[in-house]
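Next come two complexes, and both contain chain A; in the first it sits with chain B, in the second with chain C.
Take a look at the complex of A and B:
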């Protein structure tokens, strides 16, 4: 009996080691391929210039248009997603806490929306554009991506807000605080690391998604000057260049993928560091 | 230690859990026992079933009248009628799960946070009904400071924990806030320990210090009553003793309502004891009456098995 327990323990320990190792290997493999295929195309020109004539046939220029376009799009939609999502997430945990059935239904709906593929949001955005009379533009892209990331942001933040202890809420109420004070001074502060994670998750999904911007944001070789201009995005830049038969262009697709990965990495690290100083007050 | 009273939480009704043989002295239940010796009608007339003694000379600060709480079909509090004497320590005593905490939380309407709780009856503070629909909750809650089983400092600095309630009251003057923070930290004997790190996080304090901070935070809003829900249950004996000593000092200026299941703590603190069991007030009186002359069998059992 004792022997069996030890064997069981050993089996699962090795299983975990094996699985962890394979995940790390897969990750390294992906990174390795991107770096190997894209590194020699990673030039200063690549990140500092718009595409020049004949860029898609292997001539000069870079993908600054897509880098800036993606940042505009992701920052814009994260901002609006936050604006829409923050009140809902706080409301679900503070103001509507006695309306358990309503909040339950809302959670179910948001979970369902989280699972909807982004191409569906793209199609919806496209229909909305026709209705509003918009062309493929930065604005239409931001609207679509916002709708796409709002459920992600709300549910990710909501899950952290739910872990705020009931006793803390009771303590704040018994000091005479009203619901809005409690939402912003207690819940928001206590759940701040989760808030940052939720933003990151939403931002990452926004910047990395191709399908939702395919019809709505369009594609252009220029950096958008107004919100009504179409804009290039990194995922689409990767897609278009990767479908080219010319090896130089293909290599640039991998360089673009590397840039996208680095952007996400930088944002993760910066936000992790910035939350560290807020974490100290948390119970 | 052979306790034979039923364990709360099993949701056994009183009438089912006591057989006739258990009640050997039915005389003290006069009028509330039927022919089979079972407690039947007793619950309908609380004045009869609760052994109240009219020893309370102090005027009542809180009056609880015909107070009932139900949740999901089961009764949590049944016909509570209590007068909480002003300037005294009233101890709510009873086994876990008997409704003491629920009663305490109804006093400052934390019960609002639980939609499943159905409340009826009245609780009057200074003649005002706490449960009146147009009642100003902030005002009611600031009349009472809550100390919970485990300390929950707000996610901010020590200083801000105390300033929080003051700011809610509309006090903006930094000098006044600073003075009050110092005064209330001194009140709970925490000033010397934290004066050099007032702007450090409250979460870094030890659990005993956190509990005293929570007490100071409650005192800062200027309450009349302090509600304490097993305030020492998470603390070590030394920290517990500090809190108890603090309570005895606070009695000069405040009314305290302390929930506990610890008999010795009740003995040390109480001016008035209310013994509760399965959502009912079984007996109340002075510590002498409760500990030395218990009248009901349930209380006798509880005293025998307790510590």
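Take a look at the complex of A and C:
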């Protein structure tokens, strides 16, 4: 009996080690393939030029249009996401702190929205475009992606705001500060690392998502000049070029996937570093 | 408090302005799910007026040119690919989460947080590229022939594998949170009664965390249910109910994403796609609400 107990524990311990190792291996496998394939196809031309004539038959040019388009789109929607999300996240923790049921319901709503897949936002964005008389454009893409990333931003920022000690609010009130001052100076400053993480998280989701921009942002070989131009995006550049039968074009999809992965990695690293950097001045 | 004094506008004015901004933003957010739901319903009305909802959900005939819109094959495609990904990822996540919270050295747990972080951040289209490069040829060239079957590799199983990997960071992260919330005293009590570490996990940690485990796993399911691009790239997209895991399938999100091009030229087609989006929206909203109720119960305990 004693032996069986120990045997069982040993068996599961090894199984768990194996499983954990396999997750790490799959992770390395994915990164390895993306880096290897992408590196082979990567050229300076890829990231410095727009597509030229015959690009989609394997001739010259690059995907600068998609890189810049994606950055515009993600920056635009992060900005609007911030405009909508920042006051709500702060309000949940300062203005309505006593209305627990309301805040609870709000969190519930945000969690539900957080789980809604981006394709649904894409379809809704498309319906909204028809209603507003917009055509597929940078603007329509920004609107759709904003709706998609707002819940992500708020929930991430809220998690950190909740950890700000109540005593700080009481101290600020006793010094005569009003709610806005408490929210935007005391709480915002205290939760700054979380704010940066949340912003970068939302930005990363915005830049990497394909399903929400498929209907709304369009696709073009040029860098958009105005907000009403259609725009190319990196995920869609990857998606479209991978389905091409021409090997040169397919290879570009690998390079584009590498570029997108690098952007995501940079975001992840910056998020970690800045968290450490801004943690210094926190009470 | 120097920051407070350096505010240039009069404090009362900024307070009013920001409260207005706040109220506008929160109203917008509260209305958003309602507007999405209503918008999708309005857009799918032309189709709903033509055929009964039940018939559309249960019929497998999908030929837009003839005006037949049966969603059964797509619903089954979604359900099967999600189920498959769940079967593949849930045991892995469960075991890994137990190991990482109860046994592993601190450095390994820290490393795993980094891995989870990056895995969660990788865009779905990149998973799709990886699936096309690795999973599809692997299934078509090695796995299926070894079993005496033939497949193009663009099949249910490819979709399941890719989705399973994509669900790992979400499930694992949540499960680790659940296991860490089990009070140490309970474990100590069990250990002091002579239970082994594994017995303690089996009888105390798993039992105490059961609600959280269910919630974490269903979060993974709902993520898999709505995933679009990565699945679309590897799953084959044939509008039939798949008979084996090596057959192609056609989940709902892929249907919406794939037919954007032709949907305007065929009558009612755009309405059908909006209805598909509505289906997804409702299913996932209900699913997530149940999950969140469960989760909030875990946090209270």
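Here are some notes:
To be clear about the criterion, the second predicted complex is superposed on the first by the 247 of 283 C-alpha atoms of A that agree within 3 Å, B and C clash if a C-alpha of one lies under 4 Å from a C-alpha of the other, contacts with A are read in each partner's own complex, and residues count from 1 in each chain.
Keep in mind that, in the parts below, a residue touches a chain if its C-beta (ideal position, glycine included) is under 8 Å from a C-beta of that chain, and two chains touch if they have at least 3 such contacts.
A quick note: this is a predicted structure, and the numbers were derived from the prediction, not measured.
By the touch criterion defined above, A:99 reaches chain B but does not reach chain C.
In the superposed model, A:170 makes contact with chain B only, not with chain C.
In the overlay built on the shared chain, the residue A:178 is in contact with chain B and with chain C.
With both complexes superposed, C is the one of chain B and chain C in contact with more chain A residues.
When the shared chain is aligned, no partner comes close enough to touch A:219: not chain B, not chain C. By the touch criterion defined above, A:72 lies against neither chain B nor chain C after alignment on the C-alpha atoms of chain A. In the superposition on chain A, contact of A:189 is made with both chain B and chain C.
Across the superposed pair, chain B and chain C both touch chain A at residues 172, 175, 177-178, 181, 185, 189. Remark: chain A residues 5-6, 8-9, 12-13, 15-17, 19-20, 22-24, 26-27, 29-31, 33-34, 37, 83-85, 87-88, 90-91, 95, 104, 106, 108-124, 127-128, 131, 147, 150-151, 154, 172, 175, 177-181, 183-185, 189, 204, 207-211, 214-215, 235, 238-239, 242, 253-254, 257, 260-261, 264-265, 267-268 touch chain C in the complex. Chain C contributes residues 1, 3-4, 7, 11-12, 14-15, 18-19, 21-22, 25-26, 28-30, 32-33, 36, 39-40, 42-43, 91-92, 95-96, 98-100, 103-104, 108, 111-112, 115, 117-119, 121-130, 132-134, 165, 168, 172, 196-199, 219, 222-223, 225-229, 233, 253, 256-257, 260, 273-274, 277, 280-281, 284-285, 287-289, 291-292, 296 to its touches with chain A in the complex. Those residues of chain B lying in contact with chain A across their complex are 105, 108, 110, 112-115, 137-139, 141-142, 144-146, 148-150, 152-157, 164-165, 168-169, 201-204, 214, 217-218, 221, 227. By the touch rule above, chain A contacts chain B in their complex via residues 97-100, 165-178, 181, 185-186, 189-190, 280-283.
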